[in-house]
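In the two complexes that follow, chain A is the common piece, with chain B as its partner first and chain C second.
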Partner chain A sequence: MDKILRINMGPEGAPKASEEPIGQYAGLGGRGMTSAIVAKEVPPLCHPLGKENKLVIAPGILSGSQAAQSGRVSVGCKSPLTGGIKEANSGGQGAQVIARLGYAAIVLEGKPADDTLYKVVINKEGVDIIADNSLKMLGNYALIDKMKVEYGEDVAFVSIGQAGEMKMSAASVAFTDPELRPTRHAGRGGVGAVMGAKGVKVIVLDDAGMPTRSPKDVEKFKEANKAFVQGLRKHPITGEGLPSFGTNILTNVINEAGALPTNNFQSGRFDGAGSISGETQSDTMKARGGKVKKGCHRGCVIQCSGIYNNKDGSFLTKRVEYETVWSHGSNCGIDDLDAISMMDRLDDDFGLDTIEMGATIGVAMEAGLAKFGDGEAAINLLKEVGKGTPLGRILGAGAAVTGQAFGVERVPVVKGQALPAYDPRAVQGIGVTYATSTMGADHTAGYAVTANVLGVGGSVDPLKSEGQVELSRNLQIATAAIDATGFCLFIAFAILDQPDTFNAMLDMLSAFTGEPCTADDVVALGKKILDYERDFNARAGFTSKQDRLPEFFKKEPLPPHNTTFSVKDEELDQVFNW
Partner chain B sequence: MQKYISIRLFATLNRYTPDTADSYPVRPGTTVRDLIDQLGVPLTEVKLIFIDGVKGDIASALNGGERVGIFPPVGGG
Partner chain C sequence: MPQKPSHNGIKTVHLFVEKNRVPAFYPLLSRGIIVKTRVGCSVKTLICNYLGLSADYLEKRLQTIFLDGKAVDDTETTVVQEGATLALSAAMPGLAGATLRRGSAYAAMRNQITHQNGTCGESTKDGTICLKLFNLVAADIGQSFLEKGVLISGRYLRDFFRSASDKIISGIRSGEVDGVRMNTNQIANMDWEQTQVDLKLEAV
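== the complex of A and B ==
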């Protein structure tokens, strides 16, 4: 993994690929790599869909090795949704295969001369960039079916659906899972629109004949990996809760905590929570012959994914995650798991961010385009997006644009990006992360739900402002570093609670790279990445005024606790003061 | 005097849910620990306790009218 592949879509005649040594980016991976390249090479004032923007796809530092849980990939660019830097993170097979092909990053650059659509085929022999307009406006599922016929099943695909081709700000980049289904997505911030603007429909990754990446210190690495896996298996969240119930185990606990955003952030409790909970979902999956434990990439030991079938037993979609169950469910007043799962399938097929789309439909319902609770109407709104009708184009531009188009005041976005599944008035720590993250509202950027609600990594009262800034700061630093390693963020539950698992992770990193890796080094890496991102955003025109939640969170009390967001602006401005 | 609470047990603890969960009788002053013992829930499996949406603990006393939620360790994202 010592080279960078650059694919310039702009040159006269035809797109050109070139390889270069990793150079100044040596030692970086994942979010560290994407944010460094974007901060150094992309002019911050450029148009996100123009020739100056770049789409960077980077596996983590440990991806492609035997390290458990190291299959995360980062996709970075200047975001069409926020106007700032973006790193969207995904599972799937992509990270492992790109890393084994030897690339620390694949960078799509330039702007094609016309609207020809391309597929990029990468294998050990090199890179082919092939025009193929027969792929136009295919959904991800139909596209992958067609690609499997051409390239077989021992490959991985990175692709966009119709939303990316239409350059919608809610468009995602899809990564196939081990069964070659396009179910894993770098969802946030419109990264799919940037891939669409580069004219690339699909990247075919074939690592046949390429070896697994090997560590510098094989024995130490093997031992540390073993201890790390044991740590993940013995922790009750990564060892039992997530495999049994998926991430949707959260619906009930967030509802009990009074923080489940319902009917476009009007309440923190949803009467229908039980019917869409992880418990009900798992029972339904089992009854229909689905699968309850499954990894999104090979080498996953947590296995939080699964298969959700239709009533007739045929495949519908993966085990729908909490963020989608919330966004298309309680946030739209919908208590029907089948309707929610259908929307997950449509989002994956069109290539859309489920968080952005659920929040957008919530805003559309508030505007009167459909009634809260009407699953069929919500599905029809989503289909408008896939078809690219004028209404669909507005919805596909996200919650902020939809709110503006329809005159809605309660629009849950920060820096133009929709809030995820935890109301910041009842989980104040996550509100600090939403407000200040370089990414726009993003729960994964500093998941304060841990100490605020779940009793992991300490305990901080979720309804008060005390301690939230420090909690969010520390988590934002640690998360930026983990996002660089290729590790799935869910290892956090085990490493926050179990010092021996944290140490095993450090040992894996140092045994693999041959460089020392201490807790201080991890903190320094996290800060360096955040500095790249903050610097880019400042040059793109962001000030502390963008590090704020929408006004209604400070003014409208949220039932059942009837609290407002109470962390002061001056405190928010201290998050990055280290 | 007999009072009533609503009790919800989630995830792997769901199997200990009593038939009278929506209207479970308690004597005022009953602690969450007493409740857990009555329901036969192994204490070691209890991680999170919510009383009317606010974090409680096993020493929290119940006076009737509360909504009690009990969870094993859970997490996701």
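== the complex of A and C ==
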């Protein structure tokens, strides 16, 4: 993984691919790589859909090796949704295969002169860029079926659906899972629209004949990986909770806390939560012959995904994750798991961010386009997006644009990106991260280990009300670093609670790279990434005024606890003050 | 079919269920069961002394506890009052999950929904609470609660029958309502809306 593949879609004649040594980007991976390339090479004031923007696809530092949970991939660019820097993260097979092909990053550059659509085939022999207009306006599922016929099943695909081709700001980039279904998505920020603007419909990744990446210290790596896996398996969240109920284990609990945004953030409690909870979902999946646990990529130990079947037992979609159950469920007042799962399938097929689309439909419902609770109407709104009707184009542009188009005041976005599934009036510290993240509102931006493990920023008394800013800062630093490794963020629970598992992770990194890796190094990496991102956003015109939650969070009390967001602006401005 | 008169508007329902179908009833426990217990005591006392769970189970498994929708940090000083809702869960994923955990390092991030500790005297008295069992906790102890019998809203039972798959329904071998034997379809089609149900399961 010592080279970068650049594919210029713009030169006269035909697109061209070239390889170059990793050079100044050595040692970076995942979000570290995407944010460094975007910050250094993309003019911050360029149009996100123009030729100067770049789409960077980067596996993590450990991807392609035998390291457990190392299959995350980052997709970065200037975001058409936020106007700032973007890193969207995904599971699936893509990271492992790109890394085994030897690429630390694939960079799509330039812009085709016309609307020809291309497929890019990458294998050990090199790169083919092939015009193929027969792929136009195919959904991800139909596209992958067609590609499987041409390229077989021992490959991985990276693709866009209709939303990406239409350059919608809610468009995602899809990565196939081990069963070659396009169920894993780099969802946030409209990265699919940038891929569409580059004229690339699908990237075929074939690592046949390429070896698994080897660590510098094989024995130490093997030992550390074993300890790491044991740590994940013995932890109640990664070893029991997630494999049993998936991330949707959260619905009942967040609802009980009064933090489950309901009916476009009007309430923190949803009467129908029990009907869409992880517990009910698992029972339904079992009863219909689905699979309650499976990994989204090979080498996954946690196995939080699964298969959700239709009533007749046929495949509908993967186990719908908590964020989607919330966005298409309680946020739209819908308590029907089948309707929610159908919307998840449509999102995956059209290539749309489920969080953005659920939030958008919530705003549309508030505008009167459909009634809260009407699952069929919500599905029909989503189909408008897939068809690209004028209404669909507005919805596909995301919650902020939809709110503007229909005159809605309660629009839950930061920097133009929809809030995820936790109301910041109930869990205020998450609101600090939503407000200040370089990415726009993002629940994974401040997620991983905190001061107590990394020993940075001093310690915060857990039972004092102060400290939310400090916690958010440390969480954002740690998360940026984890996003660079290729590790799934869910390892955070085990490494947070179990120092031996945290040390095993550091040992793995160290044995793999041959360089010492300490907690301080992790912190330094996280800060470096955030510095790249903050610098890019500043040059793109962002100021502290964008680091704010929408006004209604400060003014409208959230039932049942009737709290408002009370962290002061001047406190928010201290998050990146290190 | 004649039925024995219900007591206090409560219908007793006794279902004989195939053992592997019992977990399908656990979501009922997450919606809330009415439990007669002693109140005015600490969360820990209620859980260990009156619900019969071990201190070890409380310490290791019950990582997320809500009292009236607010996160509990200290189970020894938080007092359960008459009519309270107590929800029990295992440790949760996600930043929010970590934040809501008992004594979490992230507790500051949810201080507005943290339960403020009361004064814990020993003036306990008979009372009722609403108990909710979520996720792994329901899987651990749900069957024993259901076998002893739980008091639930009839609406929850109605919703259960409406959404239950054919496999679940066929896994209910037989049942009794107020002591009268009925088949599953008859029970499923009764009007449960306005009643409370004393539900007891027997695994067969």
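We take it that the second predicted complex is superposed on the first by the 560 of 578 C-alpha atoms of A that agree within 3 Å, B and C clash if a C-alpha of one lies under 4 Å from a C-alpha of the other, contacts with A are read in each partner's own complex, and residues count from 1 in each chain.
Quick note on the criterion: contacts are C-beta pairs under 8 Å (C-beta built on N, C-alpha and C of every residue); 3 or more make two chains touch, one makes a residue touch a chain.
Given the structure is predicted, the values throughout are model-derived calculations rather than measurements.
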{"item": "Contacts of A:Gly91 with chain B and chain C, given as first, second, both or neither", "value": "neither"}
{"item": "Which superposed partner A:Gly358 touches (first chain B, second chain C, both, neither)", "value": "neither"}
{"item": "Touched partner set for A:Pro15, first chain B, second chain C, both or neither", "value": "neither"}
{"item": "Partner, of chain C and chain B, that touches more residues belonging to chain A", "value": "C"}
{"item": "Touched partner set for A:Asn248, first chain B, second chain C, both or neither", "value": "first"}
{"item": "Partner chain in contact with A:Ser566 - chain B first, chain C second, else both or neither", "value": "second"}
{"item": "First, second, both or neither for A:Tyr422, with chain B first and chain C second", "value": "second"}
{"item": "Overlap of chain C and chain B interfaces on chain A (superposed complexes)", "value": "236-237, 240-242, 244-245, 247, 249-250, 252-253, 256-258, 269, 277-279, 322, 426, 443, 447, 450, 461-463, 490, 493, 560-561"}
{"item": "Complex contact set, residues of chain C against chain A", "value": "23-24, 26-27, 30-31, 61, 63-64, 66, 69-71, 73, 87, 89-100, 103-113, 132, 134-136, 138-139, 159, 163, 165, 167-168"}
{"item": "Residues of chain A touching chain C in the complex", "value": "236-237, 240-242, 244-245, 247, 249-250, 252-254, 256-259, 269, 274-275, 277-280, 283-284, 287-288, 322, 422, 425-430, 432-433, 443, 446-447, 450-452, 460-468, 471-472, 475, 490, 492-493, 496, 560-561, 563, 566"}
{"item": "Residues of chain A that touch chain B when the two form their complex", "value": "235-238, 240-242, 244-250, 252-253, 256-258, 268-269, 277-279, 304, 321-323, 426, 443-444, 447, 450, 453-456, 459, 461-463, 489-490, 493, 560-561"}
{"item": "Parts of chain B lying in touch with chain A, wherever the complex brings them together", "value": "8, 10-12, 14, 47-48, 50, 52-55, 69, 71-77"}
